[in-house]
Amino acid sequence: MSATYKRLDKDDAVLLMVDHQSGLISLVQDFSPDEFRNNVLALADIGVFFELPTILTTSFDAGPNGPIVPEMLDRFPDAPFIRRPGQINAWDNEDFVKAIKATGRKQLIIAGVVTDVCVSFPALSAIEDGYDVFVVTDASGTFNKTVQQAAWQRMSSAGVQLMNWFSVACELHRDWRNDMEGLGALLSNHLPNYRNLMTSYTKLQEAKKE
Amino acid sequence: MSATYKRLDKDDAVLLMVDHQSGLISLVQDFSPDEFRNNVLALADIGVFFELPTILTTSFDAGPNGPIVPEMLDRFPDAPFIRRPGQINAWDNEDFVKAIKATGRKQLIIAGVVTDVCVSFPALSAIEDGYDVFVVTDASGTFNKTVQQAAWQRMSSAGVQLMNWFSVACELHRDWRNDMEGLGALLSNHLPNYRNLMTSYTKLQEAKKE
Amino acid sequence: MSATYKRLDKDDAVLLMVDHQSGLISLVQDFSPDEFRNNVLALADIGVFFELPTILTTSFDAGPNGPIVPEMLDRFPDAPFIRRPGQINAWDNEDFVKAIKATGRKQLIIAGVVTDVCVSFPALSAIEDGYDVFVVTDASGTFNKTVQQAAWQRMSSAGVQLMNWFSVACELHRDWRNDMEGLGALLSNHLPNYRNLMTSYTKLQEAKKE
Amino acid sequence: MSATYKRLDKDDAVLLMVDHQSGLISLVQDFSPDEFRNNVLALADIGVFFELPTILTTSFDAGPNGPIVPEMLDRFPDAPFIRRPGQINAWDNEDFVKAIKATGRKQLIIAGVVTDVCVSFPALSAIEDGYDVFVVTDASGTFNKTVQQAAWQRMSSAGVQLMNWFSVACELHRDWRNDMEGLGALLSNHLPNYRNLMTSYTKLQEAKKE
Amino acid sequence: MSATYKRLDKDDAVLLMVDHQSGLISLVQDFSPDEFRNNVLALADIGVFFELPTILTTSFDAGPNGPIVPEMLDRFPDAPFIRRPGQINAWDNEDFVKAIKATGRKQLIIAGVVTDVCVSFPALSAIEDGYDVFVVTDASGTFNKTVQQAAWQRMSSAGVQLMNWFSVACELHRDWRNDMEGLGALLSNHLPNYRNLMTSYTKLQEAKKE
Amino acid sequence: MSATYKRLDKDDAVLLMVDHQSGLISLVQDFSPDEFRNNVLALADIGVFFELPTILTTSFDAGPNGPIVPEMLDRFPDAPFIRRPGQINAWDNEDFVKAIKATGRKQLIIAGVVTDVCVSFPALSAIEDGYDVFVVTDASGTFNKTVQQAAWQRMSSAGVQLMNWFSVACELHRDWRNDMEGLGALLSNHLPNYRNLMTSYTKLQEAKKE
Amino acid sequence: MSATYKRLDKDDAVLLMVDHQSGLISLVQDFSPDEFRNNVLALADIGVFFELPTILTTSFDAGPNGPIVPEMLDRFPDAPFIRRPGQINAWDNEDFVKAIKATGRKQLIIAGVVTDVCVSFPALSAIEDGYDVFVVTDASGTFNKTVQQAAWQRMSSAGVQLMNWFSVACELHRDWRNDMEGLGALLSNHLPNYRNLMTSYTKLQEAKKE
Amino acid sequence: MSATYKRLDKDDAVLLMVDHQSGLISLVQDFSPDEFRNNVLALADIGVFFELPTILTTSFDAGPNGPIVPEMLDRFPDAPFIRRPGQINAWDNEDFVKAIKATGRKQLIIAGVVTDVCVSFPALSAIEDGYDVFVVTDASGTFNKTVQQAAWQRMSSAGVQLMNWFSVACELHRDWRNDMEGLGALLSNHLPNYRNLMTSYTKLQEAKKE
C-alpha cells in the first residue's frame, strides 16, 4: 500500500508565522532560548530566500503577549500582518484565511508560539479545509516537552506533516544547483557546524591556490 | 485527504475527573508534584470557568487509595460524585455512564490517575460508544515516563485526542473577547510566567497613567 | 468514527514470555536492572494470579544467551517451554505456534528480550495471523531508548497495543471485588509506593481497633 | 579532623530575597515555572513563619527587569526594600549592607534571580565580610542547568552552604513540638505529596472517631 | 483487523547508504559519535554478510560535505556509487533510481545523514513508487533528538517501517542455524556486551574441556 | 600531600537507618521506587550480614509520616529503635546519641529519608562530634535531583564521605575469601545483573560436570 | 572562617581565547551548536566591550583542527595571535605567556575548546604561576557532559573559579550606571529572552509617549 | 594562593587497568556499551603508545566475574598480570603494590570496573601511600550515574585528579611535534569525529596536489 508523498513545492507553499511575540516567546521552554531564536529566524530567512508568500499574525499584541518580534517586520515589511483582535485560532479570523486564499496556494508551512494552541488550532482547521499542512516543529515552541509531544501527536494523527526548518529548506530547494551560494549562505547563518565545515573548506581551498 | 477537526465546544463538553485521590496521586512520578498539582487544579478551574458539567469519581476511597483531594469537592460541590465500589474502569460503573448520558453531551474531557488505567480504560470504552474523547495529558499522571508514553500511544491509536490543560482552555474559549478578564485570571493563576507578563504589563500601564 | 476497544479478557488471553535469559537480560539498558527485574516478575505473577495459559521460550539457551532465569521455571513449572533450536522469530517455530493454538485463545500478551526482535517479530507475525496482540512494554527490554522507541512505533503502526504490566493486571481484573486481597498482594509486591500506602493504612486501621 | 557544623539558628538568621522580579524570573529555565514559583513562595513563607528579619532588593525595577513580584510585598510589607539604582552586586549597595548590619545577625539566607549573579555575588562578598552564608538553591534560578552547576561550584568552593527551602525550614524549626500545626501547614501548602499524606491521615482519623 | 507483516527478506532487499560523508557526519548530535560510528559500520557489515545489493550515494562530496567515509568504499568496492551533482533527494537522481531498479528488488533498507532530509526524502519517494521501505534509525543521524523525532513521525505516518541495525540483521537472518558463526561474529564486533557474553562463555567451555 | 584513607571497618562501624517510614518514602523522587526499595533493603541486608550494630529511628511515626517500613523491624528485631517525639535532627535526641556511644564505635554509616534533612543534619552533627561519617547516597532519598545534589555538596564539603550500598559492602568485606557464598548471595539478591552472571556461570559449571 | 572574594576587575583582567577553531568546535557536544556559538561570541563581545587585553591562540590551524573562526579575528584584529607550532598546553608556549605578562595583569579569563585539555591545562599552569584563573564554562566545550564534569572538578579542586559568560559580564561591569546602553545591547544580542523583555518594555514606553 | 599543578609525565606514570573483565563490564550502565568499549581501548592504546609500564589485575576471573577482556592481553602481553585470589581492593594485594613499586614511578593512572570499588579503593589507598593518582573517569564504569557521581566526589575530596582518556593522552604527549602521526593515529582510531576531520583534510590535500 503506497502513499502519496506530500512534498513541499516552492510555487505552492505559503509561510504562516503565528504569534512570535516578545511576551509569548518568553513562555517557551521546550527549546533553549538560543536554539529557538535561531530556528525561528532560520525559518523566516527561508521565507525570504524562496520568496514565499508570507503572512504574519499576532494575538493581542498591545497587551502582555507583547509585540511581534521586530525581526519579523524587518524580514517581511510587505507581508499581510493580521493583528487578531481576540480569536485564539487564527483560522477563526476571516482576514487571515482570506490572505491565505488570496495566494491561491494549497501548502501551508506553519510555525508559532505556542505549539499546542497557536500552531495546532489553525493547522487542524486548515486540514479540515483541504490544505496540506506542514508544521515546523523546531520553530514552534511551548511550555515543556510533555506539552510539545502531546501537541505533535494530535496534529500528526490528523494528517499534519511534522518537519524542521532544515528539511523545509531542503525540500523547497530540491537541487543545490538552483542556487548553490544562496542555500550555502542560509545554512552557514543558521547551522554553526555547517559554517565550520565551510570555514575549514574555504581555508584549504585558498591555501591550495597559493 | 482532509479530516474533520474534532474541536472542543463548551456547549458539548463534559469534564470527567477520575481518581484524583490522595493516595493514588503519591504514585505519580511522570510529573514533579508541583507541576502535577498545578495542572490538575488548572483543569478543575477550567471546568468551573466554562461551567462544564463535571463528574467526579473515585476508586475505593476508604482504603489505601485515599480520599478524593479536597480541592475537587470545593470546586464541584454539586457535581455527581461516583464512588465506585470496585470497578477499575469507570465505564463499567452504570452510575458513571448514566451521569454522562444525562448531560446529553458527546465530547468527553478526561483526566485522572493513573493514566494507563483510570484514564485509558474509560477513554477507550467511550470511543467505542461513539463519544469524542479528549485526554488531558498533563492533568493525568502515572508511574514514570515510559508508562506514560505507552499509554498515550495506545489511546492515540484508538482515536483519543491528546491535549494539555492550556489547549483545552483555549479551544473552549475560542475568542479572548468572550471574557478577557476571566481567561486572564485563569492563566495568571496557573502559568507563573504568564502572571509575570501581566505583572510587568500592569505596572507599566500604571506608570503610564501617572 | 468509533473504534472497537480491544480489551484484555482473562478467559481469552495467553501469556508469552520470550527469551528472558540470563545472558540476554544483561544487554538491556532501556530500564535500570532493578526496575526491569521487578517488571518482569510482576508480569509473571500476573500470569500465575489470573491462571493464564503461559508459554515460555528461549533461544539457544545452552550458549552465550544463557539459561532462562530460574524465576520463570519456578512460577510456571508446567508451562510449555519451547527451547528454540535456532529460529529468531518464535513464530517460525511450529511448536510455539501450536502451543498457542492449543489454548484456543486469541489474545496474546507478549513480553521479552530484546524488544525490537524477540518481542517485535512474533508480535507482527501474530497480528498477521489474526490475533490481538498486547505487548507489555515495561517487561520487555532492549539496548537503549532509541531502539525501544523505534520498535514501539513499528509495532504500534501494525496494530499492536502497547501496555505496561500494571494496566495488564487491571484490565484483566476488571473489578477489585473479584479478589481484593489477591490484587492487593500483587500490587504490594511490585509497587513499592503502593505497599507504602497499604502499610500506612493498615497501621492506622490497627490503631483504630485499639 | 572534625568540622564545626554551621547550623541555621532562627535567632541569628536574616532572609535576603534578591531580585525576584517579574521580568528576570521569566529568564529562569533551570526549574519549571511551577516548581520555581512554589519554591520561592515556600521560602518567603518560611521567613514569615519564623519571623526572620527579611530584606528585599531589586535591580532597576522600573525597566525591563520588571517590578518585584507582588507576593513579596504582600508577605513582607514592612521589610526594608532596597531598590538598587544600578549596583549589580547588592553588597555594593550601602543601604543593603546597612540593613543587614542593623539586624545584628550573622547568618544570611540568600535566594534570588539569577543564581550566578544576583545570588552569587553578594554571597561571596558576605563570606569575605565574615558572615555565614546559606544559599537556597531551589529558590534561586538561572538560565540553564550548566550555569546553575558552575555557580553552585563557585559558591561552594568559597564556603557557601548549599541548601533547599525544605532543609532551611527544618533546620530553623529544630523540633516539631515547637509548633506542630504551623510547620504542618507550611509543608502542606508547598509539598503536594505531603499534603496528600495529611489528607489520607486526617480522613482515617476522622473515620476512627465515628 | 489483521495487517500484513512486511518482513525483510534477504533475497528481496537492497541496502542504500546515503551521504555518510565525513563533513555531514560531524553534524550528527542525536547519537554519541562512538555509537553512531558503530551503528553505521554494523549496518554496512550486515550488507556484506547477507550479500545485499548495496548502493552508495553522496552529495557534493568535493565540497564542505566531505568525501564518503573510507569504510564504505572498503566494504563495497564494487557497489554502484552515485555522486549526486546537486539533487538533495537521491530519488531525484535518475542513476540512483535506475541502480535500484536494476536489482529487481522491492524492499529498501535506507540509512543516512541527515535523517530528516537525506533519509526521509528518498524514503517518502520510494513509498510513493510502491517500494517497502525500512529505515535504520540508529544508523541515521541528525542535528538533535527533536529533529529526529519529527522525522521519524513523518516517515512512520507515510508507511515507513522504523528499525535498528540489530533487528535488520535478525530479520534477514531468520534462523541462527543458517550461519551461526557468521552472525555471532557480526554481533561480537558491534555489540560489546554480546562480545562479553561470548568471551565468558568460551572461557568456561575451554575450562570444561581441560 | 597525602591524605588518610578513611576506610570502613566492620569492627568499628555502626549502621544508622533514619526515618525509612511508609509516608516519607512516598515523597522520594530522585530514585525510581523499585531502585530505592532495592537499595534500602540491600543496605539493611549488609547490616545483618556484617553483624553491624544498627540503630533505627523514626520521626512522628503515628502521624502522616507513617510507620517504619516493616522490613526494618524484620531484619533488626533487637536493634535500638528510637521513635523521636519531635526532634528533626536525630542527633538532638539524647537516646539516639547514647545508643551510638554505647557501641563504642567511631564510624557511622547513615542512610535515610529525606537526604537533605534526616540524613544531612545528623551527619553534620556527627562530624562535629568527631565521628567519621559515611552517607549511603543510594539508600537515601529526597524530593528531586536538584535537592539531592545540593545536599551531597553540603555534606561533602563538611567532610562526609559519599558512598553507595555496593561500595559499603565491598569496603566492609575486604576479601571475598572471608565469606564467598555470603557476599555472593547478598549481591545476587540485590544486583539483578550480577544474579544473571551467577545464573549463567552456574549453569555452565553444571553442564561441565555432566 | 572567611575567604577572600576573588572578584573580576576590568582593569586587572585578560581574556584568553584558546583554540576556537572550525575543526575543533565540530567536536563539541556538551552544548548544542547554537548555544555554544552564542556563548563564545558573547564572551568575545565582552572582551571588546570592556576593552580587555585579549590573546588569541590556535593549535595547528593549517591542519585538520581548522583555522580560527573568523569572528575572532573580526573582533580582535590587533590582538596577539599565537599560532602554536605544537604545544598542546598553551602555557608551554613562551610567546603566549609573554603576551600575558606584557599586560601586567593577574586575572585570567579563559575559554576554549576542548575544556579538558586546551582550557584545563593552561588554567592549571596559570594557577601554579600565581594567577587568579576564571574559566568561562559555557564558552568552553568538549566531547560530552561526562568529560565536562570531570574537567570542571579537576580545575575547581586546583582553585580555578568556574563562571559563565553572563556572570563574567556582570562582575566586570559592577554597576549598570557605568554604561547602561552598552550592557543592555550586549545582553540583548546574546540573551534572546532579555531581548524580548526589552522589546516589550520599549513598545510600552513608546505607547506611553503617544 | 597558588597550587602545584600535578601534571602527568610519561616518564613517571604507570597505567593500572583494574578488573576489565567480561562479566563485570556487563554491569556497567553509566556509559553506553559502545562508548565504554571505545574509551577503555583508547586508554589501553595510550599505554602502548607512550610505553607506560602497565599492570593488569582481575578479581576472581574464573568465576562469574569472567576473564579479562582479550584486548588487554593482546595489548600488554608482557605486563604483570595479577589475578587476585580474593582481595577486593587491589592495594591489599602485595604483588600488585610490589609491581607498582618495581617501576619506581609515582604517578598512577587508574581505570577499572566498577568505579566505586575497584577504582576507588586502590585510588584512595595509593593517595594515602603518597602517590599522585589520576583516575580516568570515562574508562571506568559502574551501575548508574548516581553511583558514578558519589564515587567521583569521594575520590576528588581525597585528592584524586579526575581526568578522561583524551586529556591523559594530551597531557602525556605535551607537544604534537613529539610524534605527530602517532598521536593523530591514536585520535583517529578513537574519536570518530576527529577521524572525519582528518578524512576531509586529507582528501582536500590530495586534491590540491593534483
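Lettered A, B, C, D, E, F, G and H in written order, each chain numbered from 1.
Basically, contacts are C-beta pairs under 8 Å (C-beta built on N, C-alpha and C of every residue); 3 or more make two chains touch, one makes a residue touch a chain.
Here's who's who by UniProt: A, B, C, D, E, F, G, H = Nicotinamidase/pyrazinamidase.
In this text the structure is predicted, and so the values were computed from the model without any measurement.
Using residue numbers, check each pair in C-E, A-H or E-H against A-G and return the one sharing over half of the contact pairs.
E-H
Determine whether subunit D and subunit F, two copies of the same sequence, contact each other through the same residue numbers or different ones, counting it as same when over half of the numbers at the interface appear on both sides.
different
So subunit B and subunit C are the same sequence; what rotation in degrees superposes their CA atoms, nearest 5?
In degrees, rounded to 5: 90.
Report the inter-chain centroid distance for subunit E and subunit G in whole angstrom, where each centroid is the mean of the CA atoms.
Comparing mean C-alpha positions, subunit G is 41 Å from subunit E.
In angstrom, rounded to a whole number, how far apart do the mean CA points of subunit A and subunit F lie?
Each chain's C-alpha centroid was found; their separation is 54 Å.
So the centre of each chain is just the mean of its C-alpha atoms; given that, what is the distance between subunit B and subunit D in Å?
The separation of the two C-alpha centroids amounts to 33 Å.
Using the touch definition from the top, which residues of subunit A touch two or more other chains?
In subunit A, residues 23, 26, 32-33, 66, 143, 191, 193, 197, 200-201, 207 touch at least two other chains, as defined above.
Output every touching chain pair, sorted by label.
A-B, A-D, A-E, A-G, A-H, B-C, B-D, B-F, B-G, C-D, C-E, C-F, C-H, D-F, D-G, E-F, E-G, E-H, F-H, G-H
Spell out the residues on subunit C that touch subunit F in their complex, using ranges where they run on.
Interface residues on subunit C, with respect to subunit F: 22-23, 25-26, 32-38, 62, 66-67, 69-70, 191-193, 195-197, 199-200, 203, 207.
Which positions of subunit B touch subunit C when the two form their complex?
23, 26-27, 59-60, 63-66, 85-89, 92, 114, 116-117, 120-121, 124-125, 127-131, 143, 146-147, 149-151, 153-154, 157-159
Quick check on the complex: what are the subunit E residues that touch subunit C?
Where subunit E meets subunit C, its residues are 1-5, 7, 31, 137-138, 152, 156, 161-164, 166-167, 170-171, 173-178, 180, 191, 193-194, 197-198, 200-201.
Quick check on the complex: what are the subunit B residues that touch subunit F?
Touch list, subunit B to subunit F: 26, 29, 32-33, 143-144.
For subunit A, which residues count as touching subunit H in their complex?
Answer in residue numbers: 197, 200-201, 204-205, 207-208.
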